[in-house]
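Note that the chains are named A, B and C in the order they appear, and that numbering of residues resets to 1 at the start of each chain.
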Amino acid sequence: MTDPRTAATAPLLELTDLAVQLPTGRRSSVDAVRRVNLRVERGERVGIVGESGSGKSVTGRAIAGLLPENPRVQVQGSIRFNGREMNGADQRAWQEIRTRRVGMIFQDPLTYLNPVMKIGRQVEEAIPAGGASESRRRESLRFLQLAGLTDVEQLAHRFPHELSGGMRQRVLVAIAIAKTPDLIIADEPTTALDATVQALVLATLDETVRTLGTSLILISHDLAVVAGMTDRLYVMYAGRIVESGPTAEVMAEPRHPYTQALLRSVRSLVDDDVELYSIPPAFRDWLRTEGAGLEFTTTTQDGAR
Amino acid sequence: MKAALLHYGRLLLSSLLLFIAVLTVLFLLLEIAPGDPIDALIGDYPVSEEYRAQITAAYGLDKSVWERYILYLANVFQGNLGQSFGSSQTVVELIGSRIWNTLALALPAFLISTFGGLLLGAIAARTRSRFLDGGLSGLSVALFSLPNFWLGILLIMLFAVTLGWLPTQGKAPYGQEGIYIQYLILPVVTMATSELAYKARIMRSSMIESLGQDFVDTARSKGLSRRTVLWRHAMPNALLPMITVSGYSLGFSLAGSVIVEKVFGWPGMGLLLLDAIMRKNNQLVLGVVIVITLTVIVVNILTDIAYGIADPRLRARFSGKGGAA
Amino acid sequence: MSTSGPDRDPILDTARAALEAPPTGLAVTRPGGAKRESLWRHFFERPSTWIYLGILAVIAFVSFVGPFFAGDPVALGNPKLLEPSLEYPLGTDQLGRDYLPRILQGGQVSLLVGFTVAILCMTLGIIIGGLAGFFGGFADTALVKVAEFFQVLPGLVLALVTAALFGANVVIIIIILSVTMWPAVARIVRAEAMRIGQLGYVESARASGFTSLRILWSDVLPNAMPPVIVATTMTVGRAILIESSLSYIGIGDSNRPSWGALLNDAQGYLANGWWLALFPGLCIFVVVLAINMLGDSLNDALNPSIGKVK
């Protein structure tokens, strides 16, 4: 079923047959991403779920153009923003994207903030150029507030190590939204945080995205995190998408054995009645051989994939 | 505030203990050196019996080891490093007259090697040309492997003997006082070179590590240009370990100045030390070594303070603003 | 709602069956075996390694065997201050001695001192550093303090003082240099021992009942070797540089002058005997350079850190 796409109806982001190879040794490489087809519409929230090594983070970085600057890193396939092809585009085009269109929230707020630069300045940097310094300063404070921080005047003069983990993560959120992007990619935004703080930060993220109307790609290994916040879901394993569809439906009726296994292991953790379950090696062998390439897509009501 | 006091208090205390340890080791070396301890002190100088008696009394050589030890420590801490034999000057006076000459070499060499090293290291780290990086790396290993006295001799052979552009020895034309610039050039270059190579290597790896840090990704994600990321984010973080390295390398360069002063006949502390060794003027030898050690200890303390100021994570020590969980 | 993707029920059944399989038990894997070998192999595969080893072997050979063939280093009969020629490949010195055998002999002391010091440092460093890093406590603090001591009182200076008081000979120099340089190696061993001691398999070895000492010997230390070997290699170079500095100043065995001492003599003849200053220094340079390059090569091979991919 094809429907003609015009610029007006083109999705905000569309990945077609994306593949990424990363160097792992002097002469060896690994297929971090094998073949990913993914899209995000305006205002949509999409989740990418998978274990470590599944390629979900690499996918996120490929979208933002933040793969390592190593000539041995290879990207094939199509990355389209608003219909515009980005793979193979020059530095300037990518810089435009990173400056204004795509904001990224990273995993570990301690290491992802510059330890010797004040918070206020780090947020200000993210605001696209232009405007007097005074107004930029005010803007940066506003974004810090939007990200759920209080007492921002004080905070702006502090250094990262003076803040708590939750506060630092919110600074990362502020940095991402400071450019008023069309798309925010959050890569494991709560993994480094305590359980109690996780919920708070997620709530902040939820609120912020809702207020600004940006699209969101939420990447996590934690199904619970993704389930609560996304409209659609992609499940990745070993560099491939094994299942996709509306979040509620995928969670209720997973079709791919891997999704089923994932759900089962999460439930086994949460539910006292269910026996503790971890994915057996035999299953992984199967995934690697016969089960490779198996992909289940649940389409939505209007027939879109 | 309290944390700062505690830290620096401890630092001063351990520095003091270190200094005493060095003094003790030197004392012990003197004690177990072969021969009569008075001979060890006097060396080869022909002295009268009365003088011997005087020395024996003055240094308490007729007393027990412990008493001598305490006396020795007391003397040092009062700034009394003894008398230089064969001269009317005290050790302190002698050292005082020469120390500026050594500083005239050591300070420019320090500045040149530090800034040069930082610059070259940063260039080597950021360049995408493997040729340039490899070349600079190779150059720094070569300079690092070069015996500094040979470098000095080669420079003399080339610039002074063959080309005649610069003088061969000393710090001033014969009979003149003070330090003349053209005499300063070769010794400073010699001293600076191997230090520069060492610092460049360290800076390069510090920079590469800094560039590999996560916050660089965040900076890139803001759409900042490669240059901005380098200078505003990677560089300041890479400089922090360099403070420590630079400070601690002073000890090496002070030792190295001994050699360089010999090569160029530069009348500084190093040459004084060598001279004293040759003449077995052991009081003077000890005195110079004590001064060198003290200098290094003081520089170490200053380096620690400098680092504490530079790194905002440590500045918390001063203000009491600690890091929350 | 429709599904796309191949419809392969029998395979799904297999998958579901595999899903039911129980997880396997924990296995204690001991890293180090295969990985270590491949690192060494990597090192020896590089052509540069062999070049440097070759240079060092040639120099060592020539230094210790050469003198038997080259002539008498102390014989005075030759014409004085002759430039290098076919008859006197490295010229003659100011006293009419053939320079070639003198250079060859000079290598003996430098190389001997360099390697002996390095071996002593490595031994002491491994023992003390390993104990300090693995067991911590008193040994650890003591080691840190000793290292600080020698940073404040540089080896060269201490050697000067000792030589002044005790006289200068090869043995004393070796002892002093070893004493001042072992803390640096020990610190590396300590850091590695601490790091490896934290790893999981050490804990499991302990749980299996091995004594701490046994673990240190058979597990921790072998895996700590790569940076230690690099450090020891560099120590050879540094020791040779310090030894030649000392002999340049005049602290060394006057009967068997090492390269530094030759340079000292040469300084009076820079105008008319350039070869006297060139060759000894060149030898020191080449040897130390080869050693440092070897060390770098070792470092690259044994501590692989390719452009980090996150």
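One rule holds for everything that comes next: a contact is a pair of C-beta atoms (placed from the backbone, for glycine too) under 8 Å apart; a residue touches a chain by one contact, two chains touch by 3 or more.
The shown structure was predicted, so the numbers you read here are calculated from the model rather than taken from an experiment.
A.B. asks: Can you name the chain whose C-alpha mean lies closest to the mean of all the C-alpha atoms?
C.D. replies: Given all protein C-alpha atoms shown, the central chain works out to be C.
A.B. asks: Higher C-beta contact count, B-C or A-B?
C.D. replies: Most C-beta pairs in contact, of the two: B-C.
A.B. asks: Using mean CA coordinates as chain centres, what's the gap between subunit A and subunit C in Å?
C.D. replies: 47
A.B. asks: From the C-alpha centre of subunit B to that of subunit C, how far is it in Å?
C.D. replies: 24
A.B. asks: Measuring centre to centre with CA averages, how many angstrom lie between subunit A and subunit B?
C.D. replies: Distance between chain centres, rounded to whole Å: 52 Å.
A.B. asks: Multi-chain contacts in subunit B: which residues touch at least two other chains?
C.D. replies: Those would be 214, 217.
A.B. asks: Could you check subunit A for residues that touch two or more other chains and list them?
C.D. replies: Residue numbers touching two or more other chains: none in subunit A.
A.B. asks: Using the touch rule from the top of the page, what residues of subunit C touch 2 or more other chains?
C.D. replies: Correct list: 308, 310.
A.B. asks: For the complex, give me every residue of subunit A touching subunit B.
C.D. replies: 64, 66, 95-100, 102-104, 106, 108, 111-117, 122, 125-126, 128, 158-159, 161-165, 167, 172, 175-176, 179
A.B. asks: Subunit B touches which residues of subunit C in the complex?
C.D. replies: Against subunit B, the touching part of subunit C is residues 145, 148-149, 151-157, 160-167, 237, 241, 244-245, 248-251, 260, 263, 266-267, 270-271, 274, 277-278, 280-282, 284-285, 288-289, 291-293, 296, 308, 310.
A.B. asks: Quick check: in the complex, which residue numbers of subunit B touch subunit C?
C.D. replies: Answer in residue numbers: 14, 18-19, 21-22, 25-26, 29-30, 33-34, 40, 141-142, 144-150, 153-154, 156-157, 161, 168, 212, 214, 217, 248, 251-252, 254-256, 258-259, 262-263, 273-274, 276-278, 280, 282, 285-286, 289, 292-293, 296-297, 300.
A.B. asks: Quick one: which bits of subunit B touch subunit A in the complex? Just the residue numbers, please.
C.D. replies: 213-215, 217-225, 232-233, 236-237, 240, 311-313, 316, 321-325
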